[in-house]
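Attaching a single structure in structure tokens format; questions to follow.
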Amino acid sequence: MSKPSSVKTPIIIVNFKTYAESTGKNAMKLAEMAEKASLETGVCICVAPQFVDIAVIASRFSIPVFSQHIDPIGYGSFTGHVLPESVKEAGAVGTLINHSERRLKLADIDAAVTRAREVGLISVVCTNNTPVSASAAALKPDMIAVEPPELIGTGIPVSKAKPEVVTSTVEAVKRISPEVIVLCGAGITNGDDVAAAIRLGTEGILVASGVVRAKDPYKVMVDFAEAALRAKR
Amino acid sequence: MSKPSSVKTPIIIVNFKTYAESTGKNAMKLAEMAEKASLETGVCICVAPQFVDIAVIASRFSIPVFSQHIDPIGYGSFTGHVLPESVKEAGAVGTLINHSERRLKLADIDAAVTRAREVGLISVVCTNNTPVSASAAALKPDMIAVEPPELIGTGIPVSKAKPEVVTSTVEAVKRISPEVIVLCGAGITNGDDVAAAIRLGTEGILVASGVVRAKDPYKVMVDFAEAALRAKR
Amino acid sequence: MSKPSSVKTPIIIVNFKTYAESTGKNAMKLAEMAEKASLETGVCICVAPQFVDIAVIASRFSIPVFSQHIDPIGYGSFTGHVLPESVKEAGAVGTLINHSERRLKLADIDAAVTRAREVGLISVVCTNNTPVSASAAALKPDMIAVEPPELIGTGIPVSKAKPEVVTSTVEAVKRISPEVIVLCGAGITNGDDVAAAIRLGTEGILVASGVVRAKDPYKVMVDFAEAALRAKR
Amino acid sequence: MSKPSSVKTPIIIVNFKTYAESTGKNAMKLAEMAEKASLETGVCICVAPQFVDIAVIASRFSIPVFSQHIDPIGYGSFTGHVLPESVKEAGAVGTLINHSERRLKLADIDAAVTRAREVGLISVVCTNNTPVSASAAALKPDMIAVEPPELIGTGIPVSKAKPEVVTSTVEAVKRISPEVIVLCGAGITNGDDVAAAIRLGTEGILVASGVVRAKDPYKVMVDFAEAALRAKR
């Protein structure tokens, strides 16, 4: 896998989405907190800011930066699209693909995973259930993040509401492509949820509002990271 | 599998697309020829006409009728969508899903396959290459039809231009879901192409212009069916 | 305009969507009620069933049949699409375009309106507010049906909740293309709503659940039709 | 209009698309040339780089920067989307909307134009023909850029191949919304094409490969700018 040395498991990927709390200057502050929490705990905390904020965050902070999406394209006439090469050159080390808020056609997920591989971006394909996770596994991305869409942003963690989705996803993915790393997401708000996710067989989490919209995102990230370490032991 | 007794392998599915030669009254003539060729050869020849032509063809002819697409929806507020239940009630026994001219998002393919299963429609997921075929196999449709899009409508058969796509697809699909039937398509114009497809491990073909736009579609279908029988032996 | 003689204002278009109450055999019953209500009141009541039900309804009943959608395509390789010619040959006299549940890209609305004109289908472009109605008017469809999406299916009629949307739409459309007929929809459940819509300057309504899911759809349609006549006087 | 003082007509907008020649470091070089050509000629030359390159270009160069696209969204849960506020905060003064390579649904163009207005971005809606330009005019964007898609990237200028598209677009747009500025694009490679565009009634051009992939983009931009000035006199 084309993982930069800074990316290791357990991994916490913080999706900035398009929240006010994680746009522009606020995105810088949040990335700074993530860096501090990562340095303090030794856990890999990655951030996935908006496209326009990737370059500045990647140049200022030592944490891995992910894009929220790439288009399955190469150099050419693709106005308004997200070119994998440009994201890479801006300093990103990886990218989400097929987030539930930015779903792609199957052939385009395949092409995007291939393009990520070609330019050296870690690919994290988001999925909504076990069969779709199995399906994504056949495309051999670096990671799969399963997130039941009905739980996203609810504060009800998938590890409690639907633990069987997590365990069956890990099993299904590993059966098809054992080398693919499985993460889970949706509704995660505290360390217990993170620990539960890891005990269910994942190697990390994808989180958004649970960190971004928390009163003290730094504290939450430290809590998450410490719980991930404890669960991993 | 929910296959009606009339669906058996080797199978030839004729996709009517939206050709002038296969719309409305012309669709009836073509379905009549397909029925005749099927009765004469004993080979299962299915037709996939446009939505508006499904009901009349299904009521008049004894051959299996497929829809060209279904939407992953149930009863409700979905103006302009194709409800699996309505296609079924109109007399279809199956449906194409994710044809290269009507590609779907991954989560929607999963949902459409599930909906097809629920209402008793045979699902044929179309794919563009081996990884995508493997990916589709994880969703456990009844059939997968691999068609390299760059060959569709060219008259250059996939079995000659890219035989390795066919063999690797069969292998990849069977490894993940052994019960899924594999078809191939694109560029098929004569019996030799059909025989080659079957010798490469498929159980039939998906064809469009090679039949629909032929000078004598009936003759072509008989040629295809006889070649399929010979190759199967 | 290419209106068949049977289409006249005030007009009531009943959108069958994909409701259980308006699929297959139920669609036939509903069309029969619409025909009866139309014959009894003399008001033009049109039905927009699902694609697969168009042909049978158009052949059995004397009321105008609309498609719920057409694709901006001609004869060719468009698997799973809705060809204007096929809808016309199946007996439809018109089509909805850009319903809020099946929104299209601007260039495709333009192309679909052109295609409808070419094959002789009445085009009814659905819109969500006044600027979009004005925008649609510039494309010169036969009719525009404005429906605030937040009111669809609520039972709260646009004529009461947002009368200014109706009046400003009529004004904006007529300023740009005076010959375009304006309808309104969303939340209409009784004759008073229909009368209000017409008094606000429309020439009819687009309705779905208010008729389809009513206890007695026939009675509701007669109520609508009589109210339309009263308001017109 | 919310035009920053630096945006004035005649205007030349250089769309960087996703060409290798205009990505990352190459984007910086091209922006520098555009700035130099603008300072030298006094003509407003704007650049529309990829999302990830907006912030650095906007901070380093004195020319107006446009986004290639915005999504019709506000702050919230929209992973992988382009938030108007983030583009604005990164230093963009305007945005293309509905480019032929990134077409939007009609209701989304309306919403994107509204969002651009709300955050203070100049909106340039791209259109493919005269009716669509008229339709876009009803949404009152700041500018409309008409580009027949079949000419994009051909080197055959719209002003020569289809001058009537330009003149009829200017007329149709001005009839509906006189304050909207009309640009044209597609196939423009030299000063004569620019002069012709302006003599046909536009106030500038939208150009991509004609500048980006030229041997000497700086020289081409100076040529374009001087021709625009001459034609304006």
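First chain written, first letter: the chains are A, B, C and D, and each begins at residue 1.
Note that a residue touches a chain if its C-beta (ideal position, glycine included) is under 8 Å from a C-beta of that chain, and two chains touch if they have at least 3 such contacts.
Since this is a predicted model, take the numbers as computed values, not measurements.
Novice: If you check the contacts of subunit A and subunit B, which chains show up for both?
Specialist: Chains that touch both subunit A and subunit B, as defined above, do not exist here.
Novice: Quick one: point me to the chain whose Cα centre is farthest from that of subunit A.
Specialist: When every chain centre is compared against subunit A, the largest gap points to C.
Novice: Between subunit A and subunit C, what is the separation of their C-alpha centroids in Å?
Specialist: Computed from C-alpha means, the inter-chain centre distance equals 45 Å.
Novice: Quick one: report the Å distance separating subunit A from subunit D, using the average Cα coordinate of each chain.
Specialist: Subunit A and subunit D have C-alpha centres separated by 34 Å.
Novice: Where in subunit B do residues touch at least two different other chains?
Specialist: If we look for residues of subunit B contacting two or more partner chains, we find 100.
Novice: Between which chains is there touch?
Specialist: Per the contact definition above, the touching pairs are A-B, A-D, B-C, C-D.
Novice: Please give the residue numbers of subunit A that touch subunit D in the complex, ascending.
Specialist: For subunit A paired with subunit D, touching residues are 15, 17-20, 23-25, 48, 50-56, 68-69, 73, 75-83, 85-87, 89-90, 96, 99-102, 152-153, 208-209.
Novice: Taking the touch rule as given, give the residues of subunit A at its contact with subunit B in the complex, in rising order.
Specialist: Residue positions touching the partner: 98, 100, 103-110, 127-129, 131-132, 134-140, 172, 176.
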